[in-house]
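What follows is a pair of complexes built around chain A, which joins chain B in one and chain C in the other.
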Partner chain A sequence: TRLAEGTPRRSIQLSNIVEQRIFNDNEIISTPKRSRSKLADEVVDEDYTPKKSNQKTPTRPRRSSTTKQPSATKLKEQAPLTPSQKLKKIRSGELSPSMEQREQPVDESRKSQLQLAREQLHVSVVPKSLPCREKEFDNIYSFLEGKIQDQCGGCMYVSGVPGTGKTATVTGVIRTLQRLVEKDELPAFDFLEINGMRLTEPRQAYVQIYKQLTGKTVSWEHAHTLLEKRFTTPAPRRVTTVLLVDELDILCNRRQDVVYNLLDWPTKSAARLVVVTIANTMDLPERLLMGKVTSRLGLTRLTFQPYTHKQLQEIVTARLAGSEAFKGEAVQLVARKVAAVSGDARRALDICRRATEVADTADAQPGGIKCVTMLHVQQALAEMIASAKVQAIKNCSRLEQIFLQAVAAEVTRTGVEETTFMGVYTQIETIAAFMGVALPAPGRALHLCSKLGAERLIISEHSRHDLYQKILLNVSADDIHYALRVESN
Partner chain B sequence: MHDSVQEIAKTRRFLKERLQRDYTTVRGYESERNNVRQLLQRTAEMGESNSLLLIGPRGAGKTTLINAVLTDLLENKSFVDNTLIVHLDGNLHTDDRIALKSITVQMRLENAADGKVFGSFAENLAFLLQCLKAGDKKSKSVVFVLEEFDLFCTHHNQTLLYNLFDVSQSAQAPICVLGVTCRLDVIELLEKRVKSRFSHRQVFLFPSANKFEDYVSLFQHLVSLPSNKELQAAVDRIDSLQMFKSDAFTFQRNHFDGVEYAFDKKHVENWNKQIEKLIKTPAAQKTLQMLYDFDVSEAFLKTFTFRLVAQLKADAPHITVEQLTALGAQYECDDKVELLCGLSVLELCLLIAIKHHSSIYDRDPFNFEIIFGRFSKFAKVSTTMQGVERAIVLKAFEHLRIVELIMPLSSSGMGKVQKEFEMHKMALTYGQIQQAVQRYQALPTEVAQWAQSSII
Partner chain C sequence: EKEAKPSPPRNKYQNARRVLNSAETLNLPGREPQLQELREFFTSHLESQTSGSLYVSGQPGTGKTACLSLLLRAPEFAQRLQRVYINCTSIASVGAVYKKLCTELQLKPAGRTERDHLAAIQRHLRTAKRMLLLVLDEIDQLCTSRQEVLYTIFEWPAMPGARILLVGIANSLDLTDRALMRLNARCELKPRLMHFPPYTKPQIVEIFKSRLAEAEVLDVFPPVTLQLLAAKVSAISGDVRRALDIGRRVVEIAEQQKRAGEKEFNMKALELDGNSAQVEDTLKPVQVSQVAAVLNKVYGASQNLEEDIEAAFPLQQKLMLCSLVLMLRNERNKDISMGRLHEVYRRVCAKRNILALDQAEFAGTVDLVETRGILRIMRKKEPRLNKVVLQWDEEEVHAALSDKQLIASILSDTACLAK
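On to the complex of A and B.
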């Protein structure tokens, strides 16, 4: 079935045949597949910009061709395409994907200071030079520059928890190197980039790499052989290729053939391939990968530490440069809170952005200028970090609260975390009698149980097990006591 | 006379339709609603990318809130022109493959034609990502509404969530990811890289009627008729919505529309006065309190009210306290006891034998032989049960098993053990059997006495 994925569907071939009939093509319908597809290509060449090479293995990357491609709007003017023709064009990389355009463009002129700050704080706005990552930048830069200068291949492994600037730093290095190439201070190189999470399965990595080289979509087997050919056969005037592999752990399957291939090609002298791999865990090569793969990955490794509160503060203030939307201590509060939890830069920026929204909706300061103060940041922090379990318990109905109390009481009675519904029901009987509430029938109590289970205040089995289902408390018993005690006062 | 009959029918139809089909009216939740609306507005107008999770218990009005916000926003043209709305549901889109096809169709991408998507799963994903990457602030904003968000977390590798959140955190087409779920701990389900990319905005929706007085006034609102002025305002709002018959809003096709209803002023006054009087009575208060103690959600109250309204007839033109209390009693009663009262005397005898066995051996499991032995002891000395054959008792035992009053210990053990020897447990409390014995119609005195004591 894998084979079938890459090959065009039967309907597509059929529609070609129909077209040939209609356009009085004198080619015999039962021509072999190869020649027919060539004919189709020639027809395409007449209609569209001629940029077709019949070479099977392109020796030069054709990445620049993406800019020359006819846009989708241009295609529409000529003739409406049938869907299967469109798909063919997508596969051959001739139809550039596009989004619908908005009717009115975003109004850039009238924006308040807070809005500008909010835009600056968005995670997608990557600064030209990342603050607090100079050392890592130099490390990767010298590695890549050395490899490109020496025209040899190699591997590097970069790790760190999410949100510590791994991908941003690596792409920053690449951008700097590309600028050097433009100034002719460095030999030219190609840059390819794949992300494990953007693939449906590990083998699609071949397809994506090949697509970035040529713009064509082929089946993974085909892409694999073509890449193998490209990297193993020596060719004069081959430039160095830098391959960035993000989320490496997703590419690891049981056989590990994809990871092996990606890391094996750099060892070939003909390949001139430099692979930079990124993942979260530091010990991934030893923990997950096979010996031969770990060996090929080498020991050139780099770890990104989580940001400290000083660094986070620097990052936020660097983004806000020149703006007075934030009070100094407000930024410090965010930095300290986030650094204590995860050291994730995305988190800090998101909280700051939320704080600007809070300040936006709040009343203006006496001075008339809107500014983010400590109070706004505190509200944003409460919204984004605090858990809502206590509030959820407070908002439960009376019988649901009794149910939760009963589960907690049963846990205390038995001393075991896991309780059965029957034990809880006897506790409900006791508590209901004590509080003077009408006792709910077991069926209704099961309804309460499944309702609390849906909210995940408790963890319960399927109610098919009836009286014998096991119930676990998903909140701490202290939370229940706190929520109910405070309410009653 | 005929006129008033019609009026009652109209009232009933109006109340029913308002209960069932009014998808866009939200009561309360002012700050939450503003929060979501501003977020969507910024996405549409400024081209910001955002993500948000709407969390609340079932029946709290999460979907209604989103519908209300979207219909509010659809009134201004700048929102309609600049946004695409993509609806996904975790129950329908059970894996990323199906979800991706649906996204491709709803975004009207190039590789979709009339609802049919071409290419494989990998190709679709690559194409969607390319499209989003090609977009910038000039392209339309896309609002993704993911209902049952927790089910999307179970997909393989969470590929779809990662990619949607990743787009919202990079300089690509402006999108807003709006997750809706009832699980409070949904964030813990996300993988760490997906969690890092999520912006951690969470809006919690807890039932608005968290005081009994609010609950009563909500009930009053649900059953009372609006004045003509209010009715006209609602009609105008719906009419303005109908202008945008977009594909994204299928609910608008069948939305509650007050236009066909015009009530006599006197009738409305009369009706509302009657309702007000009804609510003040202690019996009604008690029933409502019972409902409120059980479940505070609006959805629960609505089903109750629907059943109440459905009882309106020409010869019973008003909602009475008796109807209310009778319906409340239906909610309170135990269905299993009803089921027990429908059993034959033989089956009830077996259950009593099971109860005796359970209380003596502290809920130990039992099989047919044990119970049959216990039952035969009673049958021998009783005058009514003497001639019962073993095969008939086995059939009765099997019947108990089919209605799941007794359950096998393990479902895998079937087939290995003969059916007379398979161990079972009882899915009833002692109190339920006790109640059934008391309520059973024409139960022989012997059986009732035997139920009291296990001496025989």
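On to the complex of A and C.
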């Protein structure tokens, strides 16, 4: 609590000192709040009591109202800001957030072939046109173009497993449409975008949407009323608004009011709102959403299938674009392995990147050119689709291995997956006698048990139930036998 | 600086597409009796100057909100009624409905608490000059455990001196019997019920005809296609939003096909005689086959994804599903945990000489299949203890996998089950 008291007071004092140094007292701009603080300062200056400052700390962030401050333009010229003035500027969107700049990026020409390939393979480098998604592109394109030309609203639901190019395709379509608008071949439209995962709470969606419309940050209640007003009252010069909602399933709470509102606004004729929603689950509307929300979502749906190995191969080769860094069969191996599991393009690109890193550290081939071969890919695959459990069992201490063996033996004996510590301990006694090692005391064995439980090799309860605690094997019994047998050979 | 450009000439498909949007309209064919009943309810209460409450229920997309917003705009009630429409999904919390109502009525409550707002409303109701028509849409959002707010609102008609007409709209037929039981104790408090039945086939045909006639594009849809579409929708849901959606999809597909055809035509024309290719605007009406294709796609839902899935069902997911089917078929215990499924799957893979995934990857694979709606995972504390439940029929799974050889060989392999 001392820290919490301390910080705001210090900053207030400091800013006051700075202001008194720089301005004469009468020059300080008097917004209503400032004048109050000035008064307080005059009283307090002689003997400062922390209690007063404590009252001053805002418990909730104050939001700016939409009414403009009369002194807003004047404020801009004054360099030093009090924290509250700064916050106000941030909330009204006058200060744009900037990041510190690095001095100089590395020179492009000094990069090796492998480095260039690695940069091209990064997931964040979205290509101009997505390979293997032409059909889906056309589908979304004709939907959005029709809606914008018709000047009416609508919804679309796009689904598919992660890494199949949903968001990239939709934003690609939007970019194409925006280019058409620039050439004056299409009526202008606004583009807004929210992502369910970037919101702390479903209702924050209103704040984000309003912020993208006007640049101001207001509370969600206020934002909701303003949006409601915007979308329900007809305005003659209203342009179509395209709203992209990513991760729709995160926005579904129990009341589903946010989803309902987002999908209900397009049905108002004044709104001219086109909502494109993206989620992973194919049957989300039927599974999670209420009947009335599903009815509003409509039937315009599109599913992105996982990539096949041929498509993954095409994606990776399109990224490499004629570079000699990869052997053809190496790409094919990655594509086949990934397509068999998930068909996730991100996964394939990550494995390829890892393979370039492996090749980078490996010794150069006789030819002198570094190139990613099958062996490098194999190693990268082993790292990324890895099963570390056998290794973990091999690296256990001798007694821990006996413990694991005992659990497996007890499972086979009883036929039930769940064993008690008592039964396991009897098995340990037997195995220890058989192997001729000293038997650990039950307390010691409990310690082993909790250690294995923390490693997640077994699932165990809290050890206060000592003899009666339940133990489940978290690795398969075959793994244990395999690890221990190979080692003993 | 932006001038309104003359929009490019639109063809009939585009006009039909625009007119079939699911936004609100002014004329509501197929809802005449309901509109009449509502009108009678309002006028009778207006004439006798008595309060009353009404509960309107019906499936989504049956025109409840459309009817009431039409009546809210009707000039015959504009003079004698003060009209307020509140959508209960757009209030911050259940108690905030009073505040919203205060803003709608432009009341000045004494304080800022919920109780002050309520007091202001009650004062207004007692002393109001005009009768109040209050429409609460999606009223089931106001349900709480004690139903304080709902009871308070539905008791306003019984307040001495109050003249209020209260209309609640929701989906479930029996909300007032379920959630507002105690209103039945007094006859005067009991809301009058009114149900909007799902649209029938002739009604949907009528709606389409009136909409298409509005833009004079009736010839785009031949009567047969309308009949087919309406019959299918009314058989399944009777939801007019669905019907309009399907109609729009049909037009969109017809337009796409036409555009593709046009391209070919243009290419041919270019080859034939230079550049003076004249494209005449001959639009074929939509065909039954196109409607049927859209209907199949919409109502086949998960089952007819086969053609897509066939190409891109990852191998490990196939093996996982086959193992699950094998276990369900040969074991009486339908309680299948992730750990047990993984054990069987590993044995299946070992038999086929395929490198099996480890448990962590396997859990991810099961998750991905869940997004297709084939499975359901009951989450437990440990991933190994998650329960896997099959949501589809075995036949559907077979059809979706469309890999008869693999399935047959795995299903005959009961030896994998035993330890």
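The definition used in the following text is that the second predicted complex is superposed on the first by the 407 of 489 C-alpha atoms of A that agree within 3 Å, B and C clash if a C-alpha of one lies under 4 Å from a C-alpha of the other, contacts with A are read in each partner's own complex, and residues count from 1 in each chain.
Keep this in mind: contacts are C-beta pairs under 8 Å (C-beta built on N, C-alpha and C of every residue); 3 or more make two chains touch, one makes a residue touch a chain.
In this text, all values refer to a predicted model and were calculated from it rather than measured experimentally.
After superposition on chain A, the partners chain B and chain C are accommodated together without colliding. Contacts of A:Val161 after superposition: both chain B and chain C are touched.
In the superposed model, A:Asn280 makes contact with both chain B and chain C. Contacts of A:Gly153 after superposition on the shared chain: chain C is touched, whereas chain B is not. Of the two partner chains, chain B is the only one that A:Met99 touches; chain C does not reach it.
Partner contacting the larger number of chain A residues, of chain B and chain C: B. Judged by the touch definition given at the top, the superposed model places A:Glu329 against neither chain B nor chain C. In the superposition on chain A, contact of A:Glu134 is made with neither chain B nor chain C. Touch criterion met: A:Asp264 reaches chain C, while chain B stays clear of it. Once chain A of one complex is fitted onto chain A of the other, the partner contacts of A:Gly343 are limited to chain C, with no touch recorded for chain B. Legend: residue contacts after superposition of the two complexes on their common chain; A:Tyr468 is shown touching chain B, with no touch to chain C. Annotation: superposed on chain A, chain B and chain C show a minimal Cα-Cα gap of 5 Å.
Common to the chain B-facing and chain C-facing surfaces of chain A are residues 161, 280, 342, 385, 387, 389, 474. By the touch rule above, chain B contacts chain A in their complex via residues 34, 38, 45-49, 55, 57-58, 78, 81-82, 84, 96, 108-113, 116, 118-123, 125-127, 129-132, 134-135, 137-141, 157, 159, 162-163, 166, 169-173, 182-185, 192-193, 195-197, 199-202, 204, 206-207, 210, 290, 292-296, 332-337, 404, 407, 425, 427-429, 432. Contact residues of chain C toward chain A in the complex are 2, 5, 7, 14, 17-18, 21-24, 59-61, 87, 89-90, 92, 138, 141, 171, 239, 241-242, 245-246, 248-249, 252, 256, 298, 301-302, 305, 308-309, 311-317, 337, 339-340, 342-343, 346, 357-361, 364-365, 368, 370-373, 382, 384-385, 419. Those residues of chain A whose C-beta lies close enough to touch chain C in the complex are 142-143, 146, 149-154, 159, 161, 184, 188, 221, 224, 228, 255, 257, 260-261, 264, 266-269, 280-283, 286-287, 291-292, 294-296, 298-300, 303, 305-308, 339-343, 385-387, 389, 412, 417, 459, 472, 474-476, 478. Looking at the complex, you find that chain A touches chain B at residues 5-6, 72, 83-84, 86-87, 90-91, 95-107, 115, 118-119, 122-126, 161-163, 197-201, 204, 207-208, 211, 217, 247, 250, 280, 342, 344, 346-347, 350-351, 353-354, 357, 361, 383-385, 387-389, 391-392, 395-400, 422, 425, 437-438, 440-444, 448, 451, 454-457, 466-468, 474.
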